[in-house]
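Look at the two complexes coming up: chain A is in both, with chain B in one and chain C in the other.
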Partner chain A sequence: MTEAFDYSLIDWSRAQFALTAMYHWIFVPLTLGLGFIMAIMETIYVRTGNPEWKRITKFWMTIFGINFAIGVATGIILEFEFGTNWSNYSWFVGDIFGAPLAIEGIMAFFLESTFIAVMFFGWNKVSKKFHLVSTWLVAFGASLSALWILVANAWMQLPVGMKFNPETARNEMHNFWDVLLSPMAVSKFTHTISSSYLLAAIVVIGISSWYLLRKRHIVFAKRSIVVAAVFGLITSIFTILTGDYSARVVAQNQPMKFAAFEGLYVGQTRAPLVAIGVMSTSPEDPDNENIKDFVFKIEIPNFLSYMAFQDINAFVPGIRDLMEGNEKYNIPSAAEKIARGKLAIDALAEFKLAKEVQDQAKMDEARQILDENFRYFGYGYFVDDPSRLVPSVPITFYSFHIMVALGMWFMMFFAIVLLLVYKGKISQSKFWLTIGIVNIPLAYIASQSGWITAEMGRQPWVIQDLMPTMAAVSRLDTNAVITTFILFGVVFTTLLIAELKIMFKQIKIGPKQEGGH
Partner chain B sequence: MQNKNIFLRVFNFYYEGFRSMTLGRTLWLIILIKLFVMFVVLKLFFFPNFLKTNFSTDEERSDYVIEQLTKPNN
Partner chain C sequence: MFETFELYTLQQYWWIIISLLASLLVFLMFVQGGQTLIYQLGKTETERSLIINTLGRKWELTFTTLVTFGGAFFASFPLFYSTSFGGAYWVWMAILFAFVIQAISYEYRTKPANFLGRKTYEVFLFLNGLLGTILIGTAVGTFFNGANFSVDKMNLTNIYDSAISRWETPFHGLEAVLNIHNVALGLSVFFLARVLGILYIVNSVNEENIFVRARKQMWYNAVPFLVFFLYFVIHLLLKQGFAVNPETGVIFMEKYKYLHNLLQMPVVLVLFLAGVAGVLYGISSFLFCRSRKAIWFGGTGTVLAVFSLLLIAGLNNTAYYPSLHNLQHSLTIRNSSSSHYTLTAMSYVSLFVPVVIAYIYVAWKSINNKPIEKSDLDDDSTHIY
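So, the complex of A and B:
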């Protein structure tokens, strides 16, 4: 069935969505994290009454405002794409996507937009405490916005709380709480927001380091570094803990993605974690007994088993186990899933035919077969090419390891910065201040790598096990998709240049005593 | 009377806030241009809703998607 699809259209549609999502994600994490950092700074101002903290807060509020203004509404383009480029998918997900996104629109948007006005216009017009509450609500509102879209994304990785209706070809929500509180939603939300907080802390330290290297705004920079480093250390520990939880959730619900994280072709008990590795460039062949998966690797014994199942003796299935099946560990083969998926697809077609002639008995029979096999529905598309069930292992492996390595590095960096602050040596440490600046692009690389890991690792699925990416796209002219891809590239690059230009200008100006917003 | 004062105060709050903006004016200009490009240019000319444009009822849309899901080569 895979030959029925136009892969050029699918690839361009994916590239277009990836481009817009990745550009959108350049703006989002700084807004999420900086909101809390400036709220903490303002809290110190309200508690101490020291006007220097007001100056510090107002400067970071300006940076927040620039980032918020440039980034706001860039996510709406993704919703345009759902309706135009991914219409089968949009129809198939039904209310599941609609409900969380509607809640996001109503709750978080209004919370943010109301209190953002108080935050920017309210200095000296509302009481200090009301202003502070507004700043905190902006910070919470931003994270709340992220919650709903991440819940929707998590449902795509672990579809729960719904029932498929064959009459409409839509998934209908049966339990909102199952959708909201699924382990995937909890892990995705906590890991994504904590990593965003970490990124903002890195940006604050980086900009402050630049001031210290230039010997400008010394007090401002030192105080900003203290707040950001404490916030960054706490959130980086939280990011690592939530990352560990996310890995377990993935291991249990998306074993193919988990195997791709580690380039694990052959499953094993007491599986080691590849801490550092260079993958072999030879063609991937999960059937090869002596597969040379790595040119070079450094492993931590037993750690992968522990990470996946909190048991060093646990069996971690490899790509070959998932494709060929493993009776000993009760893992069904891809062929078995494909057969059941094909049954489900045929049953849906039968149901439609029976409905047209009002044959209730045949409708009931088809519905029963569909219900019994629906969990493997998407596998039915891979009858003629099961190898497409394996995601790109090198991309998933490297993006996962870059994200993890940088996450660990940032935690150490925050600790080092705090140590230097404690010893009173931060403003003389040219080396670490330079590293602070270099860390800014690294934080964005880590953040984007996280999404590449999550989204490339789950291929070929747009909805895990139910809908492959190829079945989700609209039948459009490929040239039209290429045109909009280029258009988005131009629009988003222009926005990014505008953001950087305005932000660099404000950073050069530095914090002001007083002034407009 | 009290309510009127509250509304007036809220209006003045926003009015004075917008008037006293410096950098904010540039940012608002960017936001407005961006929203125009997104909703007028992109949405109208490049991103019609595929199913809403091509089919008039939900039943037709369901039938089309089922057709796509069960016989993708058609």
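So, the complex of A and C:
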């Protein structure tokens, strides 16, 4: 028995998953949002019969196609990586997690890939209405595939609808609808897709702004801006509302992550929200380098308590409460949870031994201990180093705040753009058109920050409270994972450069005068 | 409906679905096979573009089937997912890389400023066709010939070393290519994909030069396909197989196990023979009768033959993923499946499959009902790769 974890294997496996997921996520949100924007544009074309709208639709379809291809290329890895790099995880929760992935393939991917073909190849071969329906189906298919993978992700953050079976040493699904409709799944899906729609609106406005600044394709650009700004304003409001709901779901189910959002070390009632803050580089707690104090912060009084529990007097637990426990608020300490987790793990071993000799009494006894303590099962792996229960607070804090600030900003921006359009001044507003271009990278930063917040904030858990990364990882040689990490890095970066060059070239070329994709 | 079924019935149902998806995937790998023939069949830029455009209209279907196959395997037999993917790391990673480079190649090949140049994307397509087929075939070969892994679910209780599935060689799957029988299946799949690629191309490209070259290429590919396929199948039917005692779950070697499986499941035997006959008829009707419709026979035959081969790998009390390290650790459809509840829920989802097939058929019929020809490449109103 090895008495130490190979943390380098865990870190490289995490790095590889993060690398591939982040690359994939560069392309997905634009696909999700642009699908609907194209569908709206084509609907206007079919309704008005104005060929200009067809030209507009076709240009954005070109951008969609370039982006979609690389989204597919980077996506296939993720599905299989659950097996290749997180093999224990695949067994421990495969009974629940596999189903959404399969449903995603059967119900969404085929829908998307079939009607994408009609969308690209069918302009002169099918009726206008059939083509329009196909474009809408592509948009819905993309969001439907997002639904299933986000249900799977949400389940990792809030495992519900299942029960642990010691006979098979895994969690087994008991209620599909609980998995599909858990508050985490609802918030994760609605927040992720609305923010992706927002990103696509920012990209469409940004590219159109560039045309207006260059005084090219004026009509095309103005019309694209109108559609994108309306779409963007609606979806940004929705993003903020769903973000607010997501924060509440996190506060209730992942208190450590929520504390990390705010860098909240000591819990309090009437907790203030840190609107802007800069963290110290030295740790506040000598036992844990992840915990940092602020050197500067601007707070909104009581707002954190309100945001978390819709009650300004509510107690928001801090990292210290969660690690050391807080009797007043009935929060167990990490040590207690670790002890109970270890009890659960040992009870599983006992169960197995008892089963081998068919000792029913001992099996029942072990099962009872396991059931009583299973909710802390994953904590049992932290007997040696409880400090690893705390995620990286600075990364979580900054990514959360960057995401929130940019989300608010985008909503204001859409409103300003619509106002300028309404006043007929958009083409002359060089300042706002330039801001429109600058917003494109900011939207990607916001989108990536959202995932960093969600995934770094929940460390060390692969499945909240039940399975940490160290118990989920495949037993591979670290060098093997380093090798594939480098390969992925090189291949995906190369493909990204190709994608960007092609995309920029297409934007430079602009919409074609007639026909053509 | 499904909830009233026995667990073993659901496990069999899902093995049948997995086998069906795998057989459809092998058929659809005519895209991969075609990608390795771009330069043999197309001697001018236009001819190559015709081939690439006709394959490009189907590549996503193959890709999506692969992804769905992976998801369905995960959902129904998660222990395979965790054992094989995490263990035979290099083989699966190589397959994945081969598909990553395919996904962008069609769309980016002729786009201006595509960074790597047209030729590179064509090489990507070739590599996808070469590696994707050979490696998937070789990996499936281990279903019959075994792999070096161990499985102990109770490792979960060792907090310092909790991996349930372990690979017992340092080569993490690469050792599969040292087994000639696995490689024979890999090469069979490769040449079959090329055979199907040729049949698909002559069916969907209206260009005489390509047709003439295709007939020559068919000889070069059909003969090695038959040699490798017959070698694999004859060896399979004569070899010892990995049987499981349904009462005790004990796994043991049984002489002529796979032959027994065919004989004990006569429907599968009929499907297998019909499949082989379909492929042979497809090849010969193209070679000797210049049939452009041979893909339908070759394709249907492929689906039936692969389907029945996978059925004998997992049904009739057979271990479908044998462990060479410890026979008792071998995976069977009983010991590696999802729970009754999950298989039931997934079975309801599987009822959507006919709907999916129906809309794929309707959609493709509406846009792709006549062969592509040179003039289509100049059609400004459609999407050209």
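Keep in mind that, in the parts below, the second predicted complex is superposed on the first by the 501 of 517 C-alpha atoms of A that agree within 3 Å, B and C clash if a C-alpha of one lies under 4 Å from a C-alpha of the other, contacts with A are read in each partner's own complex, and residues count from 1 in each chain.
Keep this in mind: contacts are C-beta pairs under 8 Å (C-beta built on N, C-alpha and C of every residue); 3 or more make two chains touch, one makes a residue touch a chain.
Because the structure is a prediction, the values reported are computed rather than measured.
J.: Quick check on the chain A-based superposition: chain B and chain C, clash or fit?
T.: clash
J.: Which of the two partners, first being chain B and second being chain C, lies in contact with A:Ala102: first, second, both, or neither?
T.: The second partner, chain C, only.
J.: Just to be sure I read the superposition right, which of the two partners does A:Lys215 touch: chain B = first, chain C = second, or both, or neither?
T.: neither
J.: After the superposition on A, what does A:Ala169 contact: first (chain B), second (chain C), both or neither?
T.: Touch partners of A:Ala169: chain B and chain C.
J.: For A:Ser113, select first, second, both or neither according to whether it touches chain B, chain C, the two together, or no partner.
T.: Second partner only.
J.: On the A-aligned overlay, A:Lys129 touches which partner chain: chain B = first, chain C = second, or both, or neither?
T.: Touch partners of A:Lys129: none, neither chain B nor chain C.
J.: Using the superposition described at the top, determine whether chain B or chain C touches more residues of chain A.
T.: Higher number of touched chain A residues: C.
J.: After lining up the shared chain so the two structures overlap, which partner does A:Tyr381 touch, if you call chain B first and chain C second: first, second, both or neither?
T.: It touches chain B and chain C both.
J.: Using the touch definition from the top, say if A:Leu476 reaches chain B (first), chain C (second), both or neither.
T.: After superposition on chain A, A:Leu476 lies in contact with both partners, chain B and chain C.
J.: Once the structures are lined up on chain A, find the stretch of chain C hitting chain B; candidates are 97-105, 259-267 or 295-303.
T.: 97-105
J.: Go through chain A and flag every residue that touches chain B in one model and chain C in the other.
T.: In the superposed arrangement, which is not itself an observed complex, chain A uses residues 1, 3-5, 65-66, 69-70, 72-74, 76-77, 80, 83-85, 87-88, 90-92, 117, 120-122, 125, 168-170, 345-346, 348-349, 352, 381, 470-471, 474-476, 480, 484, 487, 491, 495, 498, 502, 506, 515-517 for both chain B and chain C.
J.: Tell me, which parts of chain A touch chain C in their complex?
T.: Listed in rising order, the residues of chain A that touch chain C are 1-5, 65-66, 68-70, 72-77, 79-80, 82-92, 94-99, 101-107, 109-111, 113-118, 120-126, 130, 134, 165, 168-170, 172-174, 176, 342, 345-346, 348-349, 352, 380-381, 383, 470-471, 473-477, 480, 484, 487, 491, 494-495, 497-499, 501-502, 504-506, 509, 514-517.
J.: Flag every residue of chain B that touches chain A in the complex, lowest number first.
T.: 13-14, 16-18, 20-24, 26-28, 30-31, 34-35, 37-38, 42-43, 46-52, 58, 61-63, 65-66, 68-73
J.: With touch defined as at the start, can you tell me which chain A residues reach chain B in the complex?
T.: 1, 3-5, 62, 65-66, 69-70, 72-74, 76-77, 80-81, 83-85, 87-88, 90-92, 117, 120-122, 125, 166-170, 345-346, 348-349, 352, 381, 470-471, 474-476, 480, 483-484, 487, 491, 495, 498, 502, 506, 515-517
J.: Considering only the defined contacts, which chain C positions touch chain A in the complex?
T.: Its residues touching chain A are 57, 60-61, 63-64, 66-72, 74-76, 78-79, 81-87, 89-90, 92-93, 96-97, 99-104, 106-108, 111-116, 153-154, 156-167, 170, 172, 338-339, 341-342, 345-346, 349-350, 352-353, 356, 359-360, 363-364, 366-368, 379-384.
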